[in-house]
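Working notes, beginning with the structure itself.
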């Protein structure tokens, strides 16, 4: 039993731990693949109209690309986090489910974004969705750290926190931007493709020495 | 061969057992992720209309949240049950398939609930669907127990039964409520987020105490 | 490399073999879960209309139930077959892909059946789809047997062949029935829930001795 | 941590490596199964209209068959490639995500192809999508080779490269063909079912000796 208060060691519950990870991977891989359902084309178009229809999908393609990158990156962070987890309790499983519940919403937020990319509510919805994912990830990390569920070292923890705060910051900053210049905000997210963590954490690690 | 009457030990059939669990996890993770397809937005709205459209989705979001929590919780129960399973026969596999057949219906019942949250048939459909899932789970547990397929101890069994009966009770009670006050019934389900099992079973266990 | 002519032992390629099985399980679990997308309800109905709409879905529910049972049963057969596989070659992987290609069509054939259950073309389409799955399964089994890829014993082989021929027979027989009495044909498939293999093979086995 | 510059041995990180492969398999199996959603039938047809509707789906069935074969083949190549991978770094994971991002687009390109099979933009879109997948696969292979992440031998590498260049060649050649004779181009892809790699590589290997 993995109730909130009971701690289970990973090595003694490898198959149970494996199922949590497999379930999470399943949800991630389905959510990322369902993004393609936001792309579609009408029936009965002429050849010239097909060109137009594909061209009109450019914002949907942009939303697809950014959401694929975002879910892919969240999967990587989740993957790295669970690689270091050595024990789990009911709260970690619960937080993980809550986290996945917001991951699964991304295809919907992405659909709204693809449809209404330049509009304030679409940008706000998307930003709020992703910021919540990042904050739940931080919460999960903090819980694991506090309860001693993870063997993550200080350097990796710092790297991971910097990365999370950086991503959350981008999305939270894009909310006011969505009111001022909604058509610019999504391009602001391209900053996601810059990864500041290795450089910053690397500097920290060189100070700390091996 | 895992026919109804043949018993297979888990440790001698680890890869076959692993496939049953993996298949179940796959079905759970896909069903939970398909919930997002119940959320959608029309094309060609103005900025003010987007706000309205998102606001009109509030019942769909509620249905999404409750169904995500419900499937997640069923997955947890399933996960804990199979963690204790030490052998399987054809009937267990068959019952598991039947159980999954009702899990997969949840995204549909949830769609109807999101669309018609305050209407009697939607609430009844949803309640019946979930009550059947719980009852099949109890049946699966009883079969495993009777045939000695599980190493579950008395305390964990009691905890699991209390939890199942509690959940089934909520849904069965909400059926008459759906006829009297259909718009109230779904909020009654919030009682699902209270978990009585650990306290009750804990009391039992302290009496039994080793 | 697993080209058509190269044989790979399972125990030396456990992770490669595991991926084939995991991929197949993934396809099975997604195909079986996508069946729920064939169920849906229109927006903006009154309470009485919801009852009608759900009642009008009864053929879709029937198609859902029969297809869930059918895919679940195919998964079981596939699962048992691969549990006995000890080596694989490129042709087995290719046949498996072809087999999965027809499994994935079932949600479509099932949609047509749910929509037009009493009509000849719907019944024919469904029967042809399932008969091809069964025949490809037999082909896969025959290839594995001929190339010595499986450790399956004679009794289990016979049991599996009887089961396959029985299922294929039901679907092939239902094709002429679809022309004579299309609305009866689907009920004929309920014969699928009778499993003749254990009794027949059991008789065979008692003759053969232990 | 698997940053771009850090190399992780597979045997020391089996569970982390396993998750990358499992996630990829998940994406492949979902993408291949979503192809069925491109097939559908309207409601409320008469019996004769059902025949017509199914007959009108012939281009969609063709697109389904070719896309199933194509994704299945890519999965095989991916599967063989990762079977030989002995270490991974952040760049390999990143390239793999990018590769999967284009795999997931195939159901969309396939939908457009099924709808507008004889039209230039549909053929170009499909060809470009698949050519990019092949080129990213080559890039991934080249990176793994350069960084010593794979134990692949020269013969297998040559076989894999010949296969990739052959597939990419077919799709790149079909782009000009799409402008000249768009209705012919898809049939040109049937050349995919011929596998030149084993013969050509076999000749190379006999020259090189065992």
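Note that the chains are named A, B, C and D in the order they appear, and that numbering of residues resets to 1 at the start of each chain.
By definition in this document, a contact is a pair of C-beta atoms (placed from the backbone, for glycine too) under 8 Å apart; a residue touches a chain by one contact, two chains touch by 3 or more.
Since we're looking at a predicted model, the values are computed, not measured.
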Identify the chains adjacent to both chain A and chain D in the sense defined at the top. none
Which is it for copies chain A and chain B: same residues on both faces, with over half shared, or different residues? different
How big is the rotation relating chain B to chain C when the fit is done on Cα atoms? Please round to the nearest 5 degrees. 90
Taking CA centroids for every chain, report which one is farthest away from chain B. D
Go ahead and note the Å separation of the Cα centroids belonging to chain C and chain D. 26
From the mean C-alpha coordinate of chain B to that of chain D, what's the distance rounded to whole Å? 37
Give the residues of chain B that touch two or more other chains, as numbers and ranges in rising order. 22, 26, 30, 34, 37
In contact, pair by pair, are chains A-B, A-D, B-C, C-D
Please output the residues of chain C touching chain B within their complex, sorted ascending. 18, 21-22, 25-26, 28-30, 32-37, 39-41, 43, 45, 47, 50-51, 54, 64-65, 68-69, 72, 75-76, 79-80, 82-83, 156, 159, 198
Can you list the chain B residues touching chain C in their complex? 1-5, 13, 15-16, 19-20, 22-23, 26-27, 30-31, 34, 37, 93, 97, 100-101, 104-105, 107-108, 111-112, 115-116, 119-122, 125
